[in-house]
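Just below sit the structures, each encoded as structure tokens.
Each of the next two complexes has chain A plus one more chain, namely chain B in the first and chain C in the second.
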Partner chain A sequence: MIRAALAILRKDLRLELRTGESAPAMVLFSLIVFVLFHFGLDRDTLEGDLASGVLWVTILLAAVLGVNRLFASEREGAAIDGVLMAPIDRTAFFLAKAAALFLYLVALELVALPAFAFLLLSPSLTGALPELLAIVLLADIGLAAVGALVAALAVETRTRELIVPLMLLPLLVPVVIAAAAATEPLFSGSQAPDDLGTWLGVLSLYDSVFVLVSIAVFDFLLED
Partner chain B sequence: MAGPHGRNLRWWALGSAALMAAALSLVFFYAPNDADQGFIQKIFYVHVPMAIVALGGFVAAGVMAIKHLRTGDRVWDLRSYVTIHISIILGVGVLITGSIWARASWGKWWVWEEPVLVSFLIVFLLYCVYYPLRFSIEDPGRQGRYSSVFAVVAGAFVPLNFMAVRLAESYTHPRVLSQTGGSLPGEQRLTFIVAIVAMTALFVTLVKLEITAKSAAMRIKRLRARMERAAEERESALVAG
Partner chain C sequence: MGTGAQEPALAIEGLERHYGDRIALAGVTLSLPVGATLAVFGANGAGKTTLLRVLATLLRPHGGSVTALDASLPDDAWRLRGRVGYLAHEALLYRDLTPRENLLLHARLHGLPAARVDELIAQVGLARRAGDRVRDLSRGMVQRVAAARAVIHDPPLLLLDEPRAGLDPGAAARLEPLIGRESGRTRVLVTHDVDAGLAECDLALGLKLGRQVFCGRATADEVRELYR
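Our next item is the complex of A and B:
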């Protein structure tokens, strides 16, 4: 199962490297949204809860783009039939897609976080990097699991580009709550957030619930 | 011929009408006015049972969806769909009564400090996506399967979301639990319990009614198709003869 998942993941990453359809678009989108926030809020620098809110909403909206494109290569030319006819576990397919989305999100944040610090954020980030890394990675796991599931649900519908944001964003509200609340003290200059553990716990709980639920229900998607 | 869901429907309807009447008379003539909020607090006996029953309906729909996925029996998909449908309708009522209550007791139509109401809004918005998802899939088997997957995922989301929103609010606004439970005096508690039972009975009646109506509509469609087929066969037999 791991081998099949890795093979699909390798295929997706190779496609992504050659076409650059997901991650670069997500990065570009996040930069545009930062500019929009600058004008929309009419602020040159952000800090505290406003900064963490802007950052997380931007990441979420950029994630919608990646989720929309996640099954694009399989959809075009009915290549999905080939994957489904291959004698591999459906779970392997899900894990590969979630891993691909996770890597796209990491790539997005590798550019978007420094860009955010450079363009909008006023407090320096250097002291808070380990905490921020933990928050971002835990949030990405949840985003990747739910994103891959929603992408698979939407791919067979007529209105998939509507279903993805409409279903994904409400499902991600707990991620925004936890991630934004955990990031807020890091962005307001105070280096010792006292409730960081609680929010990391909420994120871990969210991740484990939705990874397990997704694996459990994925078998019923993409049949026939 | 009412089908299995239509059985006893009349008794359910009469029972929930009687229970509703009992609950409302208790609310207006028996339960005391709240010392703090006065008469408006009585909306509590409509708002809270409606919210509890709607959330219970969402979770129950998830369980029915699991049954559908495990057995492949289409009737569970129909039950899950109708349960979500009625819960959404109750959800509209929850948001409206909650808003009225907020206006009366805090002077604002919407308060973000109320974690239960905010969580309910998020859950409500998520379940609204059930309709566009379900009706943008044509193949009936796939429609049922995908809708059930949605119901399971959303059912798992409900408790998680409530926890996250409550945590987020409790950090900024320490709150006491007294308003919606905990220390209700005897008369209020009795009224509240009767109101919850009445709302549950109403919910079950509505679900049964809707399922009966939907199955009847499907039966009529099938019979009409069969009738048209028979008429065509007769015609072609006449032409051949």
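Our next item is the complex of A and C:
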């Protein structure tokens, strides 16, 4: 299964490097949203819960773009049918798609977080990087697992561009709540928030549940 | 026309498949010996592609029984995957990958060595274009890559949907050892070319609006009646 997942992931990353249809669009989108917030809120800098909310809502909406494109290459030319006929555990498909989305999110955040800190954030992030890294990576795992699940659900539907955000965003509310709550003290200049461990635990629990649920149901989603 | 008296490669009894309320296939019954060729005829919308997709394990049958290579569908679909090749109406290829990259992906998924890819690329005559994106190839070249993908794992059962569409005579001849009768595989061939289809089949299946009109030996006139 791991061999098949790696083969599919390698194919997805090669396609992304060649076409640049997902990660660059997600990055550009996030930068545009930061600029819109800058003008919409009429504030030069943000901090605390407002900064945290702006960052996580932006990442969430950028993730929708990635989820919508996650199966685009599979649909064109019905390429997915060739893979589905291979003698592989279809969980490999989930693992590859979730891993691809995770890497797109990491690429997004490598640009979006410094840009956010530069364009909008008031306190310096330098001392809070390890905590922020832990929050971001745990949130990304949840986003990637649920994103791959929803993308597979929507792949054969005619209105997938509508279905993806309508299903994905409500499912990701717990991620936003936990990630925003965990990030808020870091964006207030507080270096060691008391309840960081609690929120990281919530994110870990969410990740575990959705990774396991996705593995359990993915095979059925790809069935006719 | 001649078939051996062996365990059938395909045994279908009363196959049904619906799309919502619309009947795509109903009452299809046939038995196809190992190594034989079944030609499927019918006008557009007759259910030919649906039949192939059921046999390819991409669609579940909604009624009747289907056994392919001793695997009962849909329950044993996992046992059939990897033993069936499908050359579909669409190429089932990634357009922004090259032929070599597409075939390497399928080789990895089937646990085959990369040498099998080089062998097939040479066989379909695409060595010079193996590094170009599929998107940039002509229709006939894409069909040659698709044929290579369909047989990369040397499947005993081959499902062919208009396999020579877009091929020039030279390319068609090149593919014969892979997908033609001389490949020795059991084949289900969908075609609108009545005379050519009848010439290379052991059994002819006629479909009209999803229902079986005939299955067995057929004359060209009987087949052409399906399209009127």
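Rule of thumb we're sticking to: the second predicted complex is superposed on the first by the 223 of 224 C-alpha atoms of A that agree within 3 Å, B and C clash if a C-alpha of one lies under 4 Å from a C-alpha of the other, contacts with A are read in each partner's own complex, and residues count from 1 in each chain.
Operating definition for what follows: a contact is a pair of C-beta atoms (placed from the backbone, for glycine too) under 8 Å apart; a residue touches a chain by one contact, two chains touch by 3 or more.
Only a predicted model underlies this, so the values are computations on that prediction, with no experimental measurement involved.
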* Would you sort A:3 into first (chain B), second (chain C), both or neither based on which partner it touches? => second
* Asked: Touching A:85 in the superposition: chain B (first), chain C (second), both, neither?
  -> second
* Have a look at where A:161 lands relative to chain B and chain C in the superposition and call it first, second, both or neither. => neither
* Touched chain A residues, chain B compared with chain C -> B
* Answer with first, second, both or neither: which of chain B and chain C does A:223 touch in the superposed model? => both
* To do: Could you say whether A:73 touches chain B, chain C, both of them, or neither, answering first, second, both or neither?
  => second
* Structure fact -> chain A residues contacting chain B in one complex and chain C in the other 223-224
* Structure fact -> Residue set of chain B touching chain A in the complex reads 69, 122-123, 125-126, 129, 132-133, 136-138, 141-142, 145-146, 148-150, 152-154, 156-157, 160-161, 163-165, 167-168, 171
* Where on chain C is chain A touching in the complex? -> 56-60, 78, 81-82, 84, 86, 88, 90-97, 101, 105-106, 108-111, 134, 149
* Asked: For the complex, which residues does chain A have touching chain C?
  -> 3-4, 7-8, 11, 14-15, 18-19, 73, 76-79, 81-88, 223-224
* Within their complex, state which residues of chain A touch chain B. => 149, 153-154, 156-159, 162-163, 166-167, 170-171, 173-174, 177-178, 181, 195, 198, 202, 205-206, 209-210, 213-214, 216-217, 220-221, 223-224
